[in-house]
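Take a look at these structures.
What follows is a pair of complexes built around chain A, which joins chain B in one and chain C in the other.
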Partner chain A sequence: MSAVAAKPQAGGAMNPTAMAVGVVLLIIILGACWVVSPNLGLMALIGIIIGGVLIGFGTHFVPVGGAPAAMGQAPGIATGVAMLAAGAGLAGLFGGAWAAEQGMVVAVVTGGIGGGLMMAITCLMVNFVYVFGMGIPAASGKVLHDPITGDSQAEYKSQGTEGHGLPFVSFVGGVIGGILGGAGGTLIYLELLGLYEATFPTMMNATAAQVLPVAVSVAGMFAVALFLVNAVLTAYNITGTIEGPHDPKFKRWPRAIVASAVASALCGFVAILIVAM
Partner chain B sequence: MSVKVEVIEGGVPHNKIMIAGLVSTLVCIYLTYLNAFTNTEMFSFFGGLAVVSALIWGSHTIKVLCSYGIGTGVPSAGMIAFGSGVIAMLLATKFGMLAPIVALVLAAVIGFILGYVSNNILNMKIPAMVQALTEMAVVGALTVMGFAALITGGFSFVGLTTSKAVFMGLPMTSYGNSFLGGGLIAVAFLLGAIAIQHPFNACLGPGWKQDRMLMLTAECGFLSMIVAAVMSFALISAGSAIISLIIALIGWFYTYSQYFVLSKRDAAAWLDSKPIPDTEGH
Partner chain C sequence: MEQIVFGIGITALTGALATVAGSAEDTESNIGSQGDPNSQVQLAPQMGFLHRIFNKAVAGEPPAYGLWCALGAGLAWAFMAMQINAILAIVLGCVLAVFVQGVYATTAYLGRTASLAKFGQPVYVDIIKSMTTVTMAHAFIAIFCTVALCQLINGALGHPFPLPLLALIWGIALGAAGSATGNPYYGKERQYQNQKFGAGVPISASGNIVRYAEAGERNSIDNGFFTHKIGGSASGICFGLIVFLELWRTILFEKIYAGWGAIAVGVLLILIFTVIDRYIEVWARKNYGPYTAAKEAES
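Right, the complex of A and B next:
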């Protein structure tokens, strides 16, 4: 088979056995966490899992175009999931981290706004470059009418392409994805920061003020690492590209929820073991 | 079922690279223990050499995985490698002398489960997926550990979170001025993540040659080692940092010139084109 025909064949089908194994794995990890650290650790782990699922679900909304989008042959932002997630998610994470001292709700909302803002700016500038730089209109190839505005798409789509540019629904999807990703990343950071701030002083035999830089750095690093793991797993789920919430691939999200929950639980458990052992 | 796009023609088999990479990385990381025995920091540069050998192994693993056309771009493989590896590495640093072995085992477990998740739950169905993600998590963990050894001279949790300084004649313990407290781990993370994904991303295609890609990996590794050696001036003695820096510079210069030679070898035709001659006279 030629290289052109050898597209990834990961289908939309669910694998019930694997999903069951995933859920069992999740319960085992939660149980292990309850044994090691019943109160503080388990609460943190639940927060981490929620954050990870938010990231995994949010990434489905982001219009990732990949290399075809760079050539104007497919809709979406012309780069991979890893780069987009890192950009939007980390922007949100940094925004949320600034607000960490103002309480959980304010910080998570701030993180969401940071991520959404980053994606809004990215989508706007991407469309700017597409329309005024490459001279192509925004048109989706997956739907006949934009689900939000109702605008007809087919007339604007060039022959031989899957669409191009960022239609309105993709733009909205990108912002929603940024909000969910930023909020999820911030939630992971806050949970870990709270845990480390509470346990590092006794573990390292120092005052809370002294260990604060270490706690911030380790929590931030873990948040980044969990973010990347969840984003890449979602990228595997959508096999690299997606147009936004109207894309048929979006229906695969239940798989990503289970995958993100297992991956976040596993990585979060290891992060909790640092202070629980 | 995915179809493999490229096949490895000739060259060293992957298992051989994996075993050689694993053994040399572990040996180099353990050689930084000479610091503790001799009570100096002169042997920190072995951490950098561990980074280079781990990256060579890792970039070949990425080649094995991404040959199947996973559709997400090569950089994503580097990101998940380090995302899962750094978590295992940080927990492993608490085990003292056993840290590299614990990092190896823990990262392998995390990578195996992530491989199962992506192959079965996410239905990727790529034959090399589980093994490749397992290997890459190990590579990520050992690379960050190598950077830690290079920058701080050791890889114990206490050593990574504190540094001793003398302030107005009194010995002080600083937490902010350390590998973890100062955030140097974030730089190490991305130095490694970029160095592991770049070589295959740059060399893939019909003209892919194993030795050229691996030479580029070594070049990227030494380039990262230069940056890490500069950062190590903050945490280890200047003389030791200069040793690391010189070794990194020599290694980078050698591998870069070798990569240049290999690139010329593989180019269809290499012409030393002169600048456009300005003979028209207008």
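Right, the complex of A and C next:
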């Protein structure tokens, strides 16, 4: 069958075999980590996996319209899924890393709020430009009524478009996505920082104060890298654009959770190996 | 107390730098045509509409600015390690990063436009000569402001991340904020100035971008001039608010209830922005009204 003749696959369909393979891979990586570093490393890896899953799940909430949104042809924010999620999540990581000294709970929540605040400001300014710069009201193309406010959407779509701007549900989705992404990124950073702070002094034959800048830098770089891995992976699951939690594509999230868990486990294992081997 | 006042002063300065960076970033990306609207610049010749618009989108704005800012900051960091004055080091680092941006812009324009040769789109040498330097100048402002604010965050406010990593993070955030806010204004309002105001571009009109100006053919510097007024300003305010409020809530409220104060203020700010967004949405629905009758639309 040629590519043209092939019917498009149902994007939301789950493939049980692939999911099972993913879970088996996850268990194998966790087992390998247990062999290499049974206590500290394994705990860090579990934290990294939870962080990666939070990023992958959170990215589904971010309303991204891509190129059509830039012409007011589709709702959402006019940029790429992975890039916007990364922008918000990394802004959260910035705040979370700053609050690292105040304990894990405070730092993770601070990171989440940082990501949510970035998305709230960005979504507000997007609507500001649509409404006051271009004279276009927000309208969803996927639902007849906004699930939160109940506002009707269809009659606010201009002719020949699928909607435009950010309806309220998309705004809320963006904020939730930023919160989950920021919290996930910060959790990964904290887990790696704790591991490196504990292991670098012995490895490098130096004091804890001397290795701290190196530990912070390496943990920060791995956290950014893991963030991008999970955001890009989820962007493939979304295939281009998504309006937010009300979009039918949102139902694909279980697939991304498994994929994010496996990818985070593998990347996290590499990050652990540099101190465990 | 003195430390808090110092922190607030630095926060205000970083907010101002971020505002300038956001504005310059959006204008640079519009002159270079780098964001999502570039899909139309690439599409137009394929639909038979030849043009003289710059065309340099190879990466999205966030990774591109992440690269350039990290590069500028990394070089500045190296210069500072060589005992060069911090301001001079940042300027030198950013100049070198801008040369990379210039090479990227030139090769992207040549490569992308050459790929349209079979549709008859010429490569204009005068466009490379006149517009590349303009995008480089705007990129320098954006990169310099971002690296400078990262240096302030790292050096004066004591953030644990090293300068290049901070610049990578804020470079990506700068690109994300600038492209999210500025792209619709360039894509819809400028490229499709021939379409009705107050409505999205019909999908059937894709590729039919405006190619003529008051005198002669439109070029990308005209686009930068036009979009800077609203798209650029909005992008600047967006990135400025993100940086300023993130630092402000941390500096002022971090010590209250062991960090929970800053979190509570963050939640409050999110709620305030949510209320403003809802107000704007309802205001637009009331004042602009629906495009069609409700029953007709639902049928």
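Rule of thumb we're sticking to: the second predicted complex is superposed on the first by the 267 of 277 C-alpha atoms of A that agree within 3 Å, B and C clash if a C-alpha of one lies under 4 Å from a C-alpha of the other, contacts with A are read in each partner's own complex, and residues count from 1 in each chain.
One rule holds for everything that comes next: contacts are C-beta pairs under 8 Å (C-beta built on N, C-alpha and C of every residue); 3 or more make two chains touch, one makes a residue touch a chain.
Source: prediction; values computed, not measured.
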Chain C versus chain B on the shared chain A, clash or fit after superposition: clash
Partner chain(s) touched by A:Met83 [first = chain B, second = chain C, both, neither]: both
Which superposed partner A:Val35 touches (first chain B, second chain C, both, neither): neither
Which superposed partner A:Asn127 touches (first chain B, second chain C, both, neither): second
Partner chain(s) touched by A:Ile274 [first = chain B, second = chain C, both, neither]: first
Which of chain B and chain C A:Ala208 touches, first, second, both or neither: neither
Partner chain in contact with A:Met221 - chain B first, chain C second, else both or neither: both
Touched partner set for A:Ala69, first chain B, second chain C, both or neither: second
If touched residues of chain A are counted for chain B and for chain C, the larger one: C
Partner chain in contact with A:Ile27 - chain B first, chain C second, else both or neither: neither
Partner chain(s) touched by A:Gln102 [first = chain B, second = chain C, both, neither]: second
Candidates 43-51, 115-123 or 169-177 of chain C: the single one with C-alpha clashes against chain B: 115-123
Where chain A meets both chain C and chain B, residue numbers: 66-67, 80, 83, 86, 213, 217, 220-221, 224
Residue numbers on chain B that touch chain A, as the complex places them: 1-6, 68-73, 75-77, 79-80, 82-84, 86-88, 90-91, 94, 106, 110, 113-114, 116-118, 120-126, 158, 161-162, 173, 175-176, 178, 180-183, 185-186, 189
Of chain C, residues touching chain A in the complex: 35-37, 39-40, 60-63, 159-162, 165-166, 168-170, 172-173, 175-177, 179-189, 191-192, 197-206, 230-231, 234-235, 237-238, 241-242, 245-246, 249-250, 254, 258-260, 262-263, 266-267, 269-270, 273-274, 276-278, 280-281, 283-285, 288, 290-294, 296-298
Chain B-touching residues of chain A, taken from the complex the two chains share: 1, 3, 5-11, 13-15, 17-19, 21-22, 25, 66-67, 80-83, 86, 204, 206, 210-214, 217-218, 220-222, 224-229, 231-233, 235-237, 239-241, 255-256, 258-259, 262-263, 266-267, 270-271, 273-274, 277
Footprint of chain C on chain A - complex, ascending: 66-73, 77-80, 83-84, 86-88, 90-91, 93-95, 97-100, 102-103, 106-107, 109-110, 113-114, 116-118, 120-138, 144, 149, 151-152, 154-168, 171-172, 175, 213, 216-217, 220-221, 224
